[in-house]
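One structure, as structure tokens, below. Some questions next.
Chains: A, B, C and D, in written order; residue numbering restarts at 1 for each.
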């Protein structure tokens, strides 16, 4: 359902106000330290971008600054896999919140290698192994082609940052452990292919601008409202967005629902992507993270935007 | 935001279709066995009721059959506590999904007696102990007064079923264990008062009809659209509804979000209450439960209703 | 098998040396704070007592100072129950180390109310509920009669400290939670009887002297070597001592085996009882506890004694 | 302490009786299925071997049949590491029972990559990575040289079974996961070196005969009583044997202590090695395993031997 959009001036004003509040919070956060390449990022960067279903776009601050998708990629690899092969990826994956940290291996062992949902690391690694192609290179080509086509920006807008990739591959022991557990239980066929694909997918670059643009199909029942291209069947799109609402923000999914009220996906690189169904996609980027690993500025800015523009889906 | 309502004839037709589909599923479920009084209920009972923000009401099947609120009461005890005392109840309670079974004591111990959220049993017992009044009787009076006033139906519409209460009190050892753990950590002051209040609150009766009516304030930003009475501040109401979306359906919150897409709260007595913000409250009642303890018919019927009337908040 | 005993002068010298080393360590520990009555004990108290199978006794320091048995009682309630009813108590209890803290409720829930072993709290509460008698009073009479007869000292040597009992009963919420979980799963019949018995049993007083004397049957295949009274069948006695070796020292059972090498049982009141099969029972008492909740002085002193007298069963 | 040995005729008779009882139990067990190479072993094989500190040896049944050490290797890799480098291996490893399955990753994650003890898989992999040498080949040479020298049989008596090694390397995903978790936390430096060493060490062959002979230093305070060679300092030997008593039999360490009463180490290939300090080493071999993964025949036979020869350390 397309819903009435706020007036452009109201969006502009709300965006400026939200940016100001979010920017001020960045000083309270810290950049991710566990991947060396990410630890070098400037914690004061902060940008916001909005794309609406009727083709308007707005941005403020560092909205053209490149960053790697990291966990925000999980939404799009899942979209690519479901677009190509339907719900088969859920044969060995549940759709429920995990209640544990994003890297947790505990439930994965207890539940026989079946990840709790596609937005925790284990589930995303399983999803990556379902991308079409026999090798990690082929799978990543497929992933980037999907990004390029779904956004109308071309795959070139989403290059892999090789330094970040190597940094993740060198330090991603916990993700390898998850993959080994799944390999043990037979839910993925090949550890190396799965984790290399996953690390490259996480190291794929975008900007707040391109991320919001890319996400318009999620806002619009699976069809890009600007190109008219159908990316996902409506029911599949609904499920992918619903999962953002219940499992998209790690261990802050509840407080984010209360404070913002939009299905969202965060990343350790500082992105928070929020979907206002029928209206707009919003991407925040602020690498200063709070204690739970989510961008402290982006979460706060989304709260301001959602309140001022009455965007929450729960009101 | 008040959203456009479907035409009455469309609601009637969708309700009839949903009832038929849900009723057919009841044969696949089982009534709750762990409380003797509940085990005697007829598993083929099935009713649906809708109340809209503009004052229309619809029902089908056993919508006037009395049942006990059980876990659906958690939404209203939380409302009553927040209405009276604000967010203080969250000083020792988180708002995140638990990822575990509703009765789980594991995270409660790990997290020093702080329940994960108000819709798991531990959180609801903590909430009950915050109801105004020094004794369980006083607290339950307060709770039932809240139900009566918020619904405009009077407290008499929500009597305590004493047989169910005694059955729960006699068998509620796991809930007592949760209360003892919280007492140990000082998050509740008195085990007996807390669990007696909780058992009586769970044993409070309603019908699908009265439950949907009672829930209109949740649909309407905290104000009853029919009486005009403000029950909760808008921000508090938003939080209580958002928590239904992330923690209202036990270990099926993710699949319910995918299949239905409405903030909901289920109960072991077979109720599922769903909130379509700005539009309507829907109450399903079917005591035949699926494997995860939620009404198998009510969940299915809500899926049909949400699809036909385009109610999902995620599309 | 009766094994050769060290010469009395060697025992005296080793005991004096061990006492000196242990006493010096007491300054590094802290008395238990979680039971108010225990928190008042003087942390510099330190005593050691030895009783040998040939009837000699030795002591040093505060060996006549009264303290409550606390968890050391678990060995004797288990002995009393097995003496009266055989191995039936193990129908709903395992015999394996838990790997968790002594109060842990996690495994108890996972394992359907079956305690991991009789020396964690849950297992001891289950054991207490198997003591003969319909009421807590009757069960405690039975327990104290067992202590009096097995030690040859009479039940009067083991009075219940009513202040400690009330202190434990008032604060024992975690133990009540364990009992409620077991009641839920049907492994104990009555929560109140079980926990009152358990709290009274824990609050039963002894001294290092009387505890070592009481334990001689454990040293001697179940028969008191001084009175000739058979307390337990040899196989039952073997099991009770073996369980001390694998589960008697909470989360220090491994390091205690390495440092001392004697089946032992510790208590939060500062006792460590050690069994040198065929030779002697040793009781240390020092209420200053280390980080894992075991008497820091008594563990150290036992290490010195075991080394000097070559008592370890693993060498 | 050298303890009096039973008469040779008594040992012979007890061994024959124990073999008969154990052999009869083999029909109730199953060979390990998770490593393909092990699944092919004849489940009716059953052998027992004894070596005494005074140089006698006894055997019955399939005591010369080769099998791979598997988890029995953990005792000897730990011995080799401690002999070469002292207790440094315990800088990042505890010595307590885990209370979980041998392959469990849960506590390893909770405890920041520090294994609970050297006899669960994680601890053994950590230990393997401490074997001297930069490569897996060098480390395994060191390990086999240790076996050869400590037993007086030469490294040739302990060849690596390459088929079993490859089978383990191909299927050892759970062990790789453990190693990745430890690598993440920095407790091992290299996953591939650690797991290849571990898999080769597990695939090292012996017989019940050679295993009992090899273990004589454990019986004799760290010095081989036949060659006179000191393998370990007495205190180190004591710790390694004590850990067998508290953590050597997976999730049957308690029941094995009760039924047998000897520090023991089992393996999935069907070995159970038992140490009677000061007297004898006993090796049972029967690949038919019980539900907890220990040789059902060997455990039973050890119970008979311990009872008849009064070997238990707890009596």
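We adopt the following convention: a residue touches a chain if its C-beta (ideal position, glycine included) is under 8 Å from a C-beta of that chain, and two chains touch if they have at least 3 such contacts.
No experiment lies behind these values; they were computed from the predicted model shown.
When each chain is reduced to the average of its Cα atoms, A sits farthest from subunit C.
Inter-chain spacing, taken between the CA centroids of subunit B and subunit D, is 56 Å. In whole angstrom, the spacing between the mean C-alpha positions of subunit A and subunit B is 32.
A separation of 48 Å divides the Cα centre of subunit A from that of subunit D.
Taken residue by residue, subunit D touches two or more other chains at no position, since every residue touches fewer.
Contact topology of the protein chains: cyclic, one closed ring where each chain has exactly two touching partners. On the subunit A side of its complex with subunit D, the touching residues are 104-106, 109-110, 173-174, 176-178, 180-181, 183-184, 191. On the side of subunit D, the complex with subunit C involves touching residues 1, 3, 94-100, 107, 116-117, 221, 234, 237-239, 241-243, 245-247, 251-255, 257-258, 261, 263, 275, 277-278, 310, 312-315.
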